[in-house]
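Next up, some structures in C-alpha cells.
In what follows, chain A forms one complex with chain B and a second complex with chain C.
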Partner chain A sequence: MRNMWIIARRELGSYFISPIAYIVVAALIALTSNFFSLILFFSREATLRYLFSNLTTIMLFVAPILAMRLLAEEQRSGTIELLLTSPVNDWEVVWGKWLASFILWLFILVLTLIYPFILKVYGSPDWGPIISGYIGLIVVGGTLLAIGVLTSSLTQNQIVAAVLGVVFTIGFWIVGGGSSLLSGPLASVLNYLSLSQHINSFYQGVIDVKNIIYYLSVIFGALYIATRVVEIRRWR
Partner chain B sequence: MNEQKNHLINFLPSVALVLLALALVARWLSFGPDTLAYVLAALGVAVLLLYAAFSWQTLLAVLRGRQLRYGSNALLLVVAVLGILVLVNYLANRHNKTFDLTANKQYTLSNETVKILHDLKEPVKVMAFFLPTDSRQQDASQMLQRYAAESKYFTYEVVDAEKDRAKVLQYKITSPGVLLFIRGDRRQETYGIDEQSLTSTLLKVIRNKPKTVYFITGHGERDPGQFHNSGYSSIKTAMDHDFFKVKKLDLATITTTVPADANVLVLAAPQKPLAKKEIKVLFSYLNKGGKVMILSDNGLDFSAMRTQLQEWGAYPRADLLIDPRSSFFGDITTPLISSYHYSEITKDLNGVRTIFPGACSIEMGKQSPKGKSVLSLFESSNDSWGETDWKNATKVKFDSGKDMKGPLTLAVSVSDMTNKGRLVVFADSDFVSNGLLSRVQGTGNATLFMNALNWLAEDEQLISVPPKPPASHPINPLTAGQRSLIYYSTVVFLPLLLLIVGLYIWWQHR
Partner chain C sequence: MIEVEGLTKYYGDFPAIEDLTFKVNKGEILGFLGPNGAGKTTTMRILSGYMPPSAGVARVSGYDVFKQSLEARRHIGYMPENVPLYGEMRVAAYLDYMGSLRRVRNRRQRITEVMEKVNITDQADARIATLSKGYRQRVGMAQALLHNPDIVILDEPTIGLDPRQIIDVRRLIRGLQGEHTVILSSHILPEVSEVSTRIVIINHGHIVAVDTPEGLTALLSGGERVHIELRGAPPVEKVVSALKALPSVNKVEPGERAGQFLLLYEQGKDPRPLVARTIVQNDWDLLELHYTTLSLEDIFLQLVVNEEEQPEAA
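Entry: the complex of A and B
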C-alpha cells in the first residue's frame, strides 16, 4: 500500500513538472468554462446539470490523453523492468499510476468549483444536484482514467494508447445505443454495460448506490486486467 | 528494403485503430443511416487482417511461447474476477439504495404512488413514444424505471418514434412525446412525465368502473347529446375516450340528493336561473365533498346563487370580456391565452393557446374563503376589461367605475380542504362547443376541459400525491459587464493562470 503511494507521488510529480499536463488541463478548463458561460447565459438557470454532461463528454477524449503515458512510456524506455524487479507488487504499480491521474482529476474538479461559486453569487442554486453531480464526475472520471491506464498497458506507444483509449471510452459510452437495434436480454445487458446509462441520475441530483458500485466495478476490472497485462509482458 | 517494409507493416495497427475510431465517431454523430460508420469499421478490420497476414510468423511465435501459457492462466483469473464483479453488480441492483439530494425531493416517488404500485395485480405496460431529439426522453425513462422498480407487474418500453414506424402505426400514435399506458385492452395516454401525471394515468388505466359525469339539464344548458354547433357531442367523445360515462340530470326531479354514482356534476351555461331548491341541492352536494364544474358565458345571470358561489370564492360576472391586446385574429371579444399559472389543470398547457369566444370575467374574493384554496388558472391581459354595457355594441369602451379593469380571471379552481369538495368555474362555455372544436384546430381548449374534468374526478388516493412543479432556480438578470466578467474570468483568466504557473515550474526544473 505504501509503495502505491510512493509511485502515485512520483507520477504526480512528473505530471506537475510536464508542460503537456498544464496545456491539456488549461485547454480542458477553457473549453469547460466556455460551455459554462454559454449554458448560463442561455438557460439563466443556476444549475450545473448540463455543464456536467458536457464535461463528461470532453473527458471521454481527455482521460485517455492524461493516462496514455503512465504505463506505455515505462515500457518503451524499459524502466518498467526496474520497477517490476524492485520489491513492489505489480498491482501497486498499476494502482499507483492510476491514483496519480485520479488525483490530477480531483485537482481539475477543484478548479471547476469556481462555477458553483459564480452561481451562488448571481442566484441561489439547489446544492443537492451539484453535490451529487460532483460525486458522479469523480467516479466517472476515475472510470475513464482506469480505461486509459488499461490501454496504456497494452502498448509501448503513447499515441496508440491514447487512440485505443478513446476508442474504448467512446465504445463503452455508446454501447447501450446498440440496444435500440436489438431486443431481449442482450439489449438490457448492453444497456447496463454502457457507461452513459449510469451517470445522468447523478447530474439530476439522485445518487443510486448501484451506479456507484457499477463505476467502482469498472475501475477495479480495468485495473485488474491492466495488472495482468503488465505481468504477462514481463515474461517476454 | 525489408526494413522499410517492416516499418510499413508495424504502422498498420495504428491505421486500423484510427479507422475504427473514426467509425465510432461517425456512428456517434450521425442521425441518419450508418453506412459511413460500417464502411470505416470494415476498412479497419480489413487492415487488421492485412497486418495479421503479413506478420503471421510473429503471431505464431507468440502463440507457441511461454507468454501464452502464463497468459491463459491469467485469462482464467481475469474471467473469474469479472464474474465476481458481475455478481456484485447483480446484487447491488437487487438491493439498490437511492438518495435524492434535490431540495424538493423531485425524484422520489410518494408513498401513495408506491402503495398503488404494490397493489397492482395485473400487468400494466407503458409505451413511451419519443423522437430521438426530445430532451424529455431521459427523464421519462428514469421516472418509469422508478415505477418499474416497485412492481413486477409494471413494465415499460421507450420507443423511437422516428425509427420504429411499425409500432407508431400499430398503436395509432398521432403525436410523439406521448406515454401510452396499456392494461389488457384498456389504454390511457398522457403527455406529462411527472409523478402526478403518471400515477393518475396509471389509476385511470387500472380502474374497472368508468367515472360518471352528470350534465345538469332543464335550463337550456349545453347538451352532450347535441351534434349542432352549440352542442357538446365532440367533447363527449373525448370523455368517452377517457373512460367517463356521460349522463344527464334534471335537478328538479330529485327530491333529496344527487345520484350516488355521480363523480362530477357539470352545469354548462344555464340560460335561465336555477330554482332555489335546485341551487340548494347543488351546493349541499358540493359542500359534502362533491365535485362540480360550472361554465358561464357573457351575460349569463348567476346572481341567484351569488352567496353560495362567493362562499367558494368564484363568481362569474354578467359582463363581456374585451381584450384588445391578446385576442384571436383581432376579434376583441375572443381572448387568447397562452400563459397559465402552474396548477394540476394547466401544467401541460404552457405554450399552448386556448381561446374563449364571448367570455365573461370571474370575480374572486380578496382572499380565499376559510378552509378553501382558490386558484386563478389564467387571466386576460392588462389592457382588457369587462364590458357591462355589452348589448350596446357601438359603445364598447372601458368605463371606469362601471367596468372591471384587466387582468381578469377566466378560470378558477377551488378545493375544500376539509370535505374534499372541488369546484372549477370557467368564464366561457363556447370554448369546447362542437362549432369551435371543429372549426379551430390546434388549440388546447379540449385538453383544458379534460384536465379540469380529470382533476375533479380524481381518485382520493391521488389527491395525496403532492404536485411537484419542476424545480427552477433562475439567476438574477446579468448586465453586460457581469457577463463579460464571468466569461473572461473563467474562459481566459483561469486557463492563463494555469499556463503561467506551468511555464514557471517547467522553467525552474529545466
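Entry: the complex of A and C
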C-alpha cells in the first residue's frame, strides 16, 4: 500500500512538470464554466444536472488523455525495468499510477465546486442531487481513468494509448444503446454492462449502492487486467 | 551469494541463453564477458528479477529470484543497460523516490553519502534530462547503491562513456569490492579483466569459459593448460603439490567442481605423460586429461576486434 502512495506521489509531480495537466485542467474549467453559464442562462434552474452529464461526456475523451502516459511512457523509456526490479508488487505499480490520475481528477472536481457555490449565492439549489452527482462524477471518472490505465499498459506509444482509450470508453458507454434493437437476455446484459446506464440516477439525486458496486468492479477489473498485462510483458 | 543453475531463456523459439551454471562468491567482482547478442542482458535481467527464466534456477542471497522475487530484489542493486531514468525529475528527488520504494533508512543522509561516492553532489538539483551521459551513468550507479545491497548488478556500465569517464567508473566499481558482490557485463575484454576477480565468458547463450583474469591472460599470452578430472575427489592440496613438483608445470588450480584441476605449463613442453604417470603412481583414478581447445582464442579475437571497432568516445 505504501508503495502505491510513493508511486502516485511521483506521478502527480510529473503531471505538473509536463504541460499536460495544466492544459487539461484549464480546458476543463473553461468548458465547464461555459456550459455552466449557458445552461443557467437558458434553464434558469438552480441545478447542476446538465452540467454533470456534459462533464461526463467530456471525460470520455479527457480521461484517456490523462492516463495515456502512465504506463506507456515507462515502457517506452525503459524506466519500468527499474520500477519492476524494485521490491514493489506489479499491482502496486498499476494502482499507484491510477491513483495519481484519480487524485488529479478529484482536484479538478474541487475546482468545479465554484459552480454550486455560485448557485447558493444567487439561488437556493437542492443539495441532494448535487452531492449525489459529485459522488457519481467521482466514481465514473475513476472508472474512465482505470480504462485509460489499461490501454496505457497495452502499448509503448502514448498516442496509441489515448486513441485506444477513447475507443474503449465510448464503446463501453454506448454498448447499451444496441439493447433497444435487441431483446431478451442479451439486451439486458449489454444494458447492464453499459457505463452510461448507471450514471443518471446519481445526477437525479439517487445514490444506489448497486451502481457504486458496478463502477468499482469495472475499476478493479480494468486494473486487474492492466496488472496482468504488465506481468505478461516481463516474460518477453 | 549468487547461484545460477541450468538457467535457460527462450524468446519464442529462439534460445537467448541455454543451461547457464555459475556461482559468484561473496565479495567477488564477476565479469560477464561476451560479444553483443551473447545473452548478457538476458542473464542480468533474470538475476535482477525483471524477467522470469524459461527453465533453471537463479538464487540471490539465498532467495530464488523468481519464486521469492520481492525478497531477492531487496538484496539487489541494479543498473540496466543504457540507464533508463525519469528525465523530468531532479537528481536528488529521483534518488529520494527510489530510496523510499526500497525503504532506505536515514534517507536524506544516505542520499548525500551516495551522491558523494559517485561524485554527483554538484548536480543534485539538475534535471536528469539535461545531464550528460557520464552523469546519467553515475545517477544510475547511485540508485543501485542507495539501499546498500549485498549484490550489485551492472549491465554494460561503461558503454558510451569517454575514456576518462570509463576510468572513473572502473575505479568506482573496484571500490565496491569486499562490501558488495558485483556482477557486471561487458563486451570489452580489458574492461572486464581490469576490474573483475573472475570472468565468465559467454557466447551464443553458452558459457565458454570461467576463469580469473590472470588465467585468461596466461591463455592469451600463449601459456598452455591441461584440464584434469579425477574420480572421488582426492585431497586437493596433495594433488596440487604432487603436480606442481613436475618440471615445466607453472601453476595448478582446483577447478569448478571437486576432482577437477587446471594445470598451466610452459609453452611447448607438454607435461601430459608425466601428469598421467604421477596420477597413477598416487593411486588416483584418472577420468579425464586434456589440453584446452583453442576455440576460446577465437572468441577472444572476436572480442578484441569488437573493441577496436568501438569508437573510444561516443
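Basically, the second predicted complex is superposed on the first by the 236 of 236 C-alpha atoms of A that agree within 3 Å, B and C clash if a C-alpha of one lies under 4 Å from a C-alpha of the other, contacts with A are read in each partner's own complex, and residues count from 1 in each chain.
Criterion: a contact is a pair of C-beta atoms (placed from the backbone, for glycine too) under 8 Å apart; a residue touches a chain by one contact, two chains touch by 3 or more.
Not measured: the values here are computed from a predicted model.
Novice: Who does A:Ile17 touch here: chain B (first), chain C (second), both, or neither?
Specialist: A:Ile17 contacts both chain B and chain C.
Novice: Does chain B (first) or chain C (second) touch A:Leu82, or do both, or does neither?
Specialist: Second partner only, chain C.
Novice: Among the partners chain B and chain C, which is in contact with a greater number of residues of chain A?
Specialist: Between chain B and chain C, the winner on chain A residue contacts is B.
Novice: Between chain B (first) and chain C (second), which does A:Asn3 come into contact with in this model arrangement: first, second, both, or neither?
Specialist: second
Novice: Report for A:Leu186: first if it touches chain B alone, second if chain C alone, otherwise both or neither.
Specialist: Neither partner.
Novice: May I ask you to decide whether A:Leu106 touches chain B, chain C, both, or neither, giving the answer as first, second, both or neither?
Specialist: In the superposed model, A:Leu106 contacts neither chain B nor chain C.
Novice: In the superposed view, which residues of chain A touch chain B and also chain C?
Specialist: Shared contact residues on chain A (touching chain B in one complex, chain C in the other): 17-18, 235-236.
Novice: Considering the complex alone, what residue numbers of chain C touch chain A?
Specialist: Of all residues in chain C, those touching chain A are 11, 45, 48-52, 70-71, 73-74, 76, 78, 80, 82, 84-89, 93, 97-98, 100-103, 143.
Novice: Mind pulling up the chain A residues that touch chain B in the complex?
Specialist: Listed in rising order, the residues of chain A that touch chain B are 16-19, 21-23, 25-27, 29-30, 33-34, 36-37, 40-41, 44-47, 111, 114-115, 118-119, 122-129, 131-132, 157, 159-160, 163-164, 166-167, 170-171, 174, 177, 180, 192, 200-201, 204-210, 213-214, 217, 220-221, 224-225, 228, 231-232, 235-236.
Novice: Which residues of chain A touch chain C in their complex?
Specialist: Checking each residue of chain A against chain C gives 3, 6-7, 10, 13-14, 17-18, 77-89, 234-236.
Novice: Write out the stretch or stretches of chain B touching chain A in their complex.
Specialist: Contacts found on chain B: 13-14, 17-18, 20-21, 24-25, 27-28, 65-67, 70-71, 74, 77-78, 81-82, 85, 88-89, 92-93, 96-103, 106-107, 138-139, 142, 160, 163, 471-478, 482-483, 486-487, 489-492, 494-496, 498-499, 501-503, 505-506, 509.
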